[in-house]
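You will see two complexes here that share chain A, one where it goes with chain B and one where it goes with chain C.
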Partner chain A sequence: MSEEGRLSVGLISCSGEACPGGTISRLATQKVLRSIRPGYNFVTICLPLFMAGGEEERNFARDYPTITIDGCEKCCALKATEALSGPVSGKVVVTDLIAKEDIGEGTLSIRELTGEQKAMVDHVAAAILEQVTKIKQEG
Partner chain B sequence: MPGNSFRKVYVIPCSGIGKMYGLLGREAVLKTVKELRPDKAATMCLALLVYGDDEARKEINGARCITVDGCPKLCAAKNVEQAGGVVVERVRAVDAFRNHRGVDAGTAAHLTAAGWQIADELAADLAGKVDRWYDASEEK
Partner chain C sequence: MAAKYVILPCNGLDKEAGCLARELALKMAAAMDGEIICPVLYQTAPSRYASLLQEGNLIVIDGCATRCASRIAANNNLKISRKITMAEEAKKRDYNPGPDWRLGAGAAAFVEDVWRSWQPVFMEQGAGRASEENTGLFAGPVEYAIHRHDKFIFRVPLEGFYFNENDCWVQVEGNRGRVGISDYLQQNLSDITFVTPPDPGTEVEQFGEMGTIESAKAVYELVSPVTGRVVAINEAVLEAPELINENPYEKGWIAELELTNFEADREFLLDGRRYLEVLKEKVADFNAGK
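Showing the complex of A and B:
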């Protein structure tokens, strides 16, 4: 599905206030949103708004390919999207890509990101873009 | 999830990924619970709560909560109430801009120096609110 010849792709990140993977998933999502990818139109959706009944958001995820990005194994974004809008076109789980002990514990502010955590953001963003490419290839 | 006692005051921001106010509110909350009032305050993933995670709902049920929302949809306030939390203060990130009209605070992805200053002011305000509600519990 396209808008002005561009493929629209929804990105739904977990909110992840209480775990460092949440901050990494959000930053990676933001990075992809800001990336220049000719031919693509990336759209993000606030997960709690989506879950609480945002019809516009639910319809978007139903009609357009959507990728969920979760910070931990609880996979709130994936589960909620599949329950409310149907199967997702791609999924990224930070803890599948990076060992939990490497990510750290507790909450993570963007002002205290280490160089290693910044690299994790890049890694997760690349994983999201891989999913985007896969969606395009599968048509 | 941070270890929390029942008396802790929960400070829960909206996820707000699309707007600067969401980021600013989130960062103010993280400063409050991590640096300013780690012994009195805690936070929780809003999505986890909204999705109905049993452990999260049990933890929040009946607890005093301060919500911080980035937009007028007030997702945090509404969802925390629905999950059984007692919302004692509804804070809007936009209100932190009363004394900073026209300031460039940044974007949904990053804050400027002015944005961080406003986030810190909001965090100080939240810490004061945490004290009030935590101490009220002590008196009881």
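Showing the complex of A and C:
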């Protein structure tokens, strides 16, 4: 479960082409991935590749604790991961944390995020890290 | 607008190239009133996009060489109208996608430049599609020579066509040349599944790259037999790549060029009769396992 004494955790984010929450989930996942958190090794799994038949990705999600991050209640990332690799260790759904109407409508460019949306990214990133902590505590 | 487009970009979370693919998709969708297909939602709920895919031309945008979006399209037997790979676009422009997913000004300028280069292909003006008027300029071959080997029959037009040793041909009329691949090459490639022609307006050198052809067996880089500027591409082979298998010298032409140096280019080309001899040698070598 560990690499050089660090806990490897898989992060599978929704794609975000169909809802603005997806952009938030992508960015929050990236934020966690780039964050420096001693003792952890974060690995993102490209969801389309995972679904298109990437065996390495599927095996990783099977063998390591994995958190799905979904933009909306469709929970594409969660459903795909459970179907292809089994139960997840943690899940975050953006619309559970932030009201849909606050996120807005349509697809979002990474470059066009408002200050409020950037704060949403931070909020979701924090929720992902909470799940990470929970996984660590549960051993 | 020439057509309704639907865009399938890669998710691109892992690499900046993927984030760039998504940004290009957003730009294209806004400019062309196109629709974006979420690669993930498409796989969990394909019926959501069924009517869109039936009505529109599909553009696939991959981020990196893993080509996830292309794989999704292939796995679902989707007919692709155009493919763009951001890693290749970056290579053409000497742009190095970095690890920073936040996409700074350099990335934005790069996406803008990629869109500018593709825009004429998708928009009606300057699309460079072959029109009915110019298709009459090039008559089909009058006479074919036939070379038989076992169950295989290879055809070579004897007049009006010139070949390079890479099995690509040019049919010349005045200062215009239509280019394609030979019957021998199409049989070697087997079932052709996708054609990426050069973009209209592209300046092509003799023996330079002139697009690619993908078949069940391989991806083949087309080697231009002539120098010139691409003035039209064959829309029909984009829609039905199998035309190249069925009729490589007529319906299966790939691009039309305004020739700029044909007299000099011809020195390095073979006419039909000489190419037939080369073809025979190739067939014999192939048979001998060379």
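In the analysis below, the second predicted complex is superposed on the first by the 139 of 139 C-alpha atoms of A that agree within 3 Å, B and C clash if a C-alpha of one lies under 4 Å from a C-alpha of the other, contacts with A are read in each partner's own complex, and residues count from 1 in each chain.
The rule is simple: contacts are C-beta pairs under 8 Å (C-beta built on N, C-alpha and C of every residue); 3 or more make two chains touch, one makes a residue touch a chain.
For clarity, every value in this text was computed on a predicted model and none was experimentally measured.
A.B. asks: Touch check for A:Ser13: first (chain B), second (chain C), both, or neither?
C.D. replies: Both chain B and chain C are touched by A:Ser13.
A.B. asks: Which of the two partners, first being chain B and second being chain C, lies in contact with A:Pro48: first, second, both, or neither?
C.D. replies: A:Pro48 contacts both chain B and chain C.
A.B. asks: Considering only touches as defined above, state whether A:Val32 meets chain B (first), chain C (second), both or neither.
C.D. replies: neither
A.B. asks: Counting only touches as set out at the top, which of chain B and chain C does A:Ala80 meet: first, second, both, neither?
C.D. replies: A:Ala80 contacts both chain B and chain C.
A.B. asks: Looking at the overlay, does A:Gly22 come into contact with chain B only (first), chain C only (second), both, or neither?
C.D. replies: Touch status of A:Gly22: both partners.
A.B. asks: Show which residues of chain A both chain B and chain C reach, each in its own complex.
C.D. replies: In chain A, positions 13-18, 22, 26-27, 29-30, 34, 44, 46-49, 51-52, 74, 76-77, 79-80, 107, 109-111 sit in both the chain B and chain C interfaces.
A.B. asks: Which part of chain B faces chain A closely enough to touch in the complex?
C.D. replies: Against chain A, chain B makes touches at 1-2, 12-18, 22-23, 26-27, 29-31, 33-34, 43-48, 50-51, 53, 73, 75-76, 78-79, 82, 108-110, 116.
A.B. asks: Under the stated contact criterion, what part of chain A meets chain C in this complex?
C.D. replies: Those residues of chain A that touch chain C are 13-18, 22, 26-27, 29-30, 34, 44, 46-49, 51-53, 74, 76-77, 79-80, 107, 109-111.
A.B. asks: Would you mind writing out the residues of chain C in touch with chain A in their complex?
C.D. replies: 9-14, 18-19, 22-23, 25-26, 29, 36-41, 43-45, 66, 68-69, 71-72, 75, 101-103, 108
A.B. asks: Mind listing the chain A positions that touch chain B in their complex?
C.D. replies: These residues of chain A touch chain B: 13-19, 22, 26-27, 29-31, 33-34, 44-49, 51-52, 74, 76-77, 79-80, 106-111.
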